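Written below as structure tokens is the structure these notes are about.
Letters A, B, C and D name the chains as they come in the text, with residue numbers starting at 1 for each one.
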Amino acid sequence: MHAEGASSDLLAMMAGVREVEAALSDRARIQAMLDVEAALAEAEAALGVIPAAAAAPIRSAARGQDYPLRELADQASSAGNLLIPLLSRFRQTVAASSPEAAGFVHWGATSQDIIDTALALQLRAALSVLLDDTDRAARAAARHARQHATTVMAGRTWLQQATPVTFGLKAAGWLDAILSAAKRVRASRDAVLVLQFGGASGTLAALGGQGPAVARELASRLDLALPPLPWHAQRIRVAALAADLGILTGAFGKIAQDLSLLAQSEIAEAFDAPEAAGGSSTMPHKRNPVRASIVQACALRAPGLVATMLGAMPQEHERGPAGWQAEWDVLPDLVRTSASAARATAALLEGLVVDAGRMRQNLEQAGGVTMAEAVVMRLAGALGPADARQAVEAAVKRAAAEPRPFAEILAADPRVSAVLDREAIDRALAPEHYLGSSGQFIQAVLEAYEREEHTES
Amino acid sequence: MHAEGASSDLLAMMAGVREVEAALSDRARIQAMLDVEAALAEAEAALGVIPAAAAAPIRSAARGQDYPLRELADQASSAGNLLIPLLSRFRQTVAASSPEAAGFVHWGATSQDIIDTALALQLRAALSVLLDDTDRAARAAARHARQHATTVMAGRTWLQQATPVTFGLKAAGWLDAILSAAKRVRASRDAVLVLQFGGASGTLAALGGQGPAVARELASRLDLALPPLPWHAQRIRVAALAADLGILTGAFGKIAQDLSLLAQSEIAEAFDAPEAAGGSSTMPHKRNPVRASIVQACALRAPGLVATMLGAMPQEHERGPAGWQAEWDVLPDLVRTSASAARATAALLEGLVVDAGRMRQNLEQAGGVTMAEAVVMRLAGALGPADARQAVEAAVKRAAAEPRPFAEILAADPRVSAVLDREAIDRALAPEHYLGSSGQFIQAVLEAYEREEHTES
Amino acid sequence: MHAEGASSDLLAMMAGVREVEAALSDRARIQAMLDVEAALAEAEAALGVIPAAAAAPIRSAARGQDYPLRELADQASSAGNLLIPLLSRFRQTVAASSPEAAGFVHWGATSQDIIDTALALQLRAALSVLLDDTDRAARAAARHARQHATTVMAGRTWLQQATPVTFGLKAAGWLDAILSAAKRVRASRDAVLVLQFGGASGTLAALGGQGPAVARELASRLDLALPPLPWHAQRIRVAALAADLGILTGAFGKIAQDLSLLAQSEIAEAFDAPEAAGGSSTMPHKRNPVRASIVQACALRAPGLVATMLGAMPQEHERGPAGWQAEWDVLPDLVRTSASAARATAALLEGLVVDAGRMRQNLEQAGGVTMAEAVVMRLAGALGPADARQAVEAAVKRAAAEPRPFAEILAADPRVSAVLDREAIDRALAPEHYLGSSGQFIQAVLEAYEREEHTES
Amino acid sequence: MHAEGASSDLLAMMAGVREVEAALSDRARIQAMLDVEAALAEAEAALGVIPAAAAAPIRSAARGQDYPLRELADQASSAGNLLIPLLSRFRQTVAASSPEAAGFVHWGATSQDIIDTALALQLRAALSVLLDDTDRAARAAARHARQHATTVMAGRTWLQQATPVTFGLKAAGWLDAILSAAKRVRASRDAVLVLQFGGASGTLAALGGQGPAVARELASRLDLALPPLPWHAQRIRVAALAADLGILTGAFGKIAQDLSLLAQSEIAEAFDAPEAAGGSSTMPHKRNPVRASIVQACALRAPGLVATMLGAMPQEHERGPAGWQAEWDVLPDLVRTSASAARATAALLEGLVVDAGRMRQNLEQAGGVTMAEAVVMRLAGALGPADARQAVEAAVKRAAAEPRPFAEILAADPRVSAVLDREAIDRALAPEHYLGSSGQFIQAVLEAYEREEHTES
């Protein structure tokens, strides 16, 4: 049903989020609008607002595949939205089987009621997939945090080796971020899965006193929540969802960027699963971070889409001529983008190949100077902090000039050897003895994760 | 202390958010960093991590006005952040009174610990003002919702007159939006008012086993919450605050835009307080929507700032070279922007002059055709929806061509007059009889507001 | 060939830019890549780099409809881009007719060479349509500028009536903006319609010394310009095109916003062509600014897309893992958005219904006080500017309080009547006498337009 | 004169662009507005539009330091802009020396005329500095391109080592990008250094027939160009400058990102000058890419600011209530950001320490497999492309499993040894023999650079 000329979202295709693409497809869009019209008729029939006999013919006509998107769009260009021409054809279809019922199609509603409510239905389907993938990513991050709690690697600040961390701590940081961001998305999803129903100006005037009852019944039939009032030109719900999807995508982007950097030829500490690491026939040695790349690209796309959703918020009076219309393409784009990032991050973390040996080796490459701080801390008690720092800095400078091991240089300084013998120096320089509270931090995050998993299930 | 060459934020100045500007000023920035250093020393002294005697001289030296920003910034350009040169001067100042204490300045911390925690202190001050102004805006919106629950005006969709609403309903929509957005900001604020404390690579290794105890003590002294682990390169907290400020600003932007439009010369239904409606000496009749304009400009600025905060999220490894640095100017800009919008919206709503007479008059200008839907609904029962629509559409067309009142034209149609006598037609055309559930919607929002106010106080 | 799950761009569909959609479609994308591969083989065969016999079988296999997008995308998810799996199938197709030729497919090229060059081909087609529509919009604006050079209407600043302008001057401002923006887009288009050809790392090493010759031949066959060096990770060309499309869309957005505002029920000075002004069956009196709305929505979307293109510029080393990938969906989205704005603006301006009578009537509604400045200027010579201002301000204040005409109030002030008799006052208050240099400004723009049209044709 | 509460731009301070900060400072803003008012009076006096004696007292009062920004801003909050209260005080100051002259202050102008023209004056000063720094960066890039034309290093795609390039080629790519972007900025600057002068509604009506003459005289006195018509609500000039600054900043961002990545501990191929590479006392071995970091942060900030400028383009009618106001803070922010990036990039490139030995060493680390493509190309003639690829791929796989050198493995394959003897294999594997057209590409860029330098001087 989609039109000739359609252009698929490449990142979404590469991420393989077919269910999300389907939920946001042209076909799904039209079906969702028809579902809302049918449910509305049924709700109104149940409450006696329209004749009981009108509901069935309306429901029967609500089959999306019968309505051609491209022709509807042509008419939408003068009607102002897709629903108006759809409605016109829908009424004809209903009229073919029941002329009387046709008059009660869309009773008391305005186009935006149907379009926004249909969007909620589409979002429900798409976000469910996205959150499942997010859970997968969290689970995989948790596994890495647990398994690599003592896998020592270089901490890196400014892309320079700093004091050591563990790969488990890095993964715990990712996990904590995913959990926080997912929590926000879940809350925003709950807030957006609501009915839109206000009629022409948002008063439900066409339904007389029965507006609230119809709204309640319709929301219940669609399994959507009921907002305190129609929200035609008040777009916080969709803007907030957008913002939280942007944040989640940013959290995934950080993971992916870390992994692209760790996969560099010269670092080579972690890689995407072999089957996914794209290569080229003429450069078969490469291990391209393909899935990380999808995620990073999504993280580049999301902020601009979020900004547009925020920029579209000031919608004029009861319905504006611009902001809502701008949302139509942007929010689905953003959902696809975030869902692509979630899917690719989950796959990336699940298949991740971690090279603990190389991590250790890279850390030792600098010959121990990255451990300088550890030595200062051991000396500070005896020498005082100032002298401790001075002694170690001198040793670091010497280490840059001389080919001797850092431990040996330290041991040769009488200020150092007065406090630490060679064994103590070696112990100070062993990264596994300088991990501070890494283990506790990992533990804290894992406990929070397990609590949350427990609560949700 | 701010540098020659400083450039004030014009919108913030015009909004008059002096406390916010002060909380985010150069001076406050430096003082906050020194406050964190002093509290750190005190916490460590209390726990015996550093000598008890070291805390007092450190605290004494922590007076921001003694440190010149511009010179610090010059040195920051090679150090990479403002804290490093500040620390160097701070140590000298401490050393002047206690050389021993100087060695224990900044013990176990990394620059980002201090800078991010100082940011939390600044945000606490600034957000408190912003939220107070938001409450003011909510209160004023609630008052309008209550007072104008039956003040009839044109609903406007696509900037065209549609079926009637009430000014109270419009205000209730604003109120609902402010409440939702403020709730989000409060939650984000709570999440960001946390300690940052991890040392060089986020493991607190320099503090041996005492890291968590120091963190707890420091958080308690600064009255900040304690996160499960350091968050140097995990920026969800600040990104989420940014996003929620963007959403709040968007909600204010919608209010301001509605009011700019209502103040148009040809509409003239509501105005900023006379003292604020800027004019020009040569065009003294103008009632420029000056405060609305500030808010609208803020709403234009916020999305780009939010996008930058989201785009900065993927920060490399344990501390990156770009994203964090990009936040430094952008988050304060955004807080100022949102706070300016809050202040100006509050003042605008508090001083708002509503012209209920003009609202009615504009609604009646169209001679009743905006009420066409109401007539259809009255006729539909007797004529069936299709014929009812047809009869009314015919009358609307005639009304466009003939100078007669719409009621008269309707009455002249036998299909109509068979169902509705002239009095019934007039009743159908009276906007106050076609407000649907406006009252209930207003009530629902006001009740939620009162519940919330009650809860918070 | 597009995938199930495809989701069309609603605004593009409503704007009816089918040729642009087609140029950017899945089908066109694949065909363009195959066209580049075929031209490459032909160029290399012509220069003896590959066997002469290899070219024909390669060209024969280059039929896009034979290659299924969805399956390619599935494989792209591990390969990292769409070209690699396409190439693999393409080689098989070639091999079926000529195993020898298959080995020479893609000779010396890297994926990005093909993908970026294919993009240039797609952009050529799409931008040509966009620029034609832009020309249409300019032509229509020029017509309005000419025809309405003396059609007086209220100038409006801050959405308040100010001193008078002409509708022609407004249109001249639109025209000047379109011309400036279109000029930029033309220049950016010329800069982007270049070959991308560098091989694996951008050195063309695989072609030995023949790289430049092949590049020249290939560019010539594709009718693209030849850049000084490959631009794999240097994205100024695409970023600049994006920026200039954003600017053009902003220029259209201003026109559309002016027209949405002029179409307001209470202003009603200009409308979209009747067939396009969407309405609803229950509110048949409405003249919704549907086409303006499409343009305004496009103008809301463009800035976020431009920001993403700029944010994607820092691409790592010789080819990055994120920025280029982010461009893939974003640049086509932006081209569609801008082209939709161009098409809808052209149609809007061509069909525009201008109500000169209502313009005059709205201007006179204020009873002359909008002309206060004109009176000051007439009095200033005799009374001095200060007294002139004072006298007129007093009259304006009185006019707000008293129901008498402004002219009468002015005439009653002896300071005024000493200088201007009633006829002179009336003349001062006639808006057509207070249009300053409007005519010259319009003329200047029209002359520039005609010069440019002449040059281009 | 800047207000208490001012907050400096940290990145600008760290970049040290004091002249730019000064040009955009509060003080400069006020002085520029007064300069325009004085020049306007002088132009009008010269043409006899106002009394000749009025000019001198007006000029005398135009001293910025006499006007307190904070108090002006307080009044601006009801006036709607900074000029109105400044004007009121300015008139008082003039009146103190010449009451008559005071009446002729601002004669025929509107606030926006003065504010926008003052902006042009500020931009002229700031952009001049920015372009000088850009030239410095180009010069340094050109030097690297020349000096390192044969310095072999790993090409890197997807952050994986690919076939070799030279550091000179990388620098030539940077240079080409700087040149293209700077050319755009120069053109945008020329377009924005124009007069704004239209009076209340953009018609210059207050000046009767003398508007154009005054405009010409004023433009000439301020050394600004004269646009075809006032551009109050047509913002292409400023939006285009913004976009082009964004593009230039993106070009700098790419350079900085490359250099941050090259400075990584494990790669260590190029570094910022030692005096700028920030370090920490406890990690003295680190060579933090501090200046690159400033540039990267600027490149993150710019896109959001550009998006805001584009989003602000649709300004209502003759002057809007939102977009123009949003520009006030955003454009200066963007100029500071871009100028900071230019300054830091220039310094970074000028002081860059290139380690050619390490570049070679990193390239050889993979033992030759990165040269696989070179061997394929040498074998293809004899074996045909398919067999050549197959043989080399087999060798690469073996190389991953066996500790033998790649050359030896290749030599052991009879298919290879039949075509290439060991010496030929070694030659094929020497990166300096597989640089393709690098030299020509460098040359082409350097020639374009020299031509341009010649033209400009």
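By our rule, a contact is a pair of C-beta atoms (placed from the backbone, for glycine too) under 8 Å apart; a residue touches a chain by one contact, two chains touch by 3 or more.
Remember, it's a predicted structure, so these values are computed and weren't measured experimentally.
Set side by side, the interfaces C-D and B-C show unequal numbers of C-beta pairs in contact, with more at C-D.
Put simply, chain A has to spin 180° for its C-alpha atoms to lie on chain B, with the angle rounded to a multiple of 5. Centre-to-centre spacing of chain C and chain D amounts to 24 Å, using the average Cα coordinate of each chain.
The mean-CA centres of chain B and chain C are about 32 angstrom from one another, to the nearest whole unit. Residues of chain A in contact with at least two other chains: 80, 156-159, 162-163, 200, 206, 257, 260-261, 278, 282-283, 288-290, 293, 296, 299-300, 303-304, 306-308, 311, 321, 373, 389. Chain C contributes residues 2-11, 13-16, 18, 21-22, 24-26, 29, 69-70, 73-74, 76-80, 82, 84, 110-111, 200, 206, 257, 260, 275-278, 280, 282-283, 288-294, 296-301, 303-308, 311-312, 321-323, 325-326, 328-330, 332-333, 336 to its touches with chain A in the complex. In the complex of the two chains, the chain C residues touching chain D come out as 80, 99-100, 102-104, 107, 110, 155-159, 162-165, 169-170, 172-173, 176-177, 180-181, 184, 191, 199-209, 211-212, 228-236, 239-240, 243-244, 246-247, 249-251, 253-254, 256-258, 261, 296, 299-300, 302-304, 306-308, 310-311, 313-321, 373-374, 377, 380, 384-386, 434-438, 440-442, 444-445, 448. For chain C in complex with chain B, the residues that touch the partner chain are 154, 156-163, 260-261, 263-267, 278, 281-290, 293, 303-304, 307, 311, 362, 365-366, 369-370, 372-373, 376, 389, 393, 396-397, 399-400.
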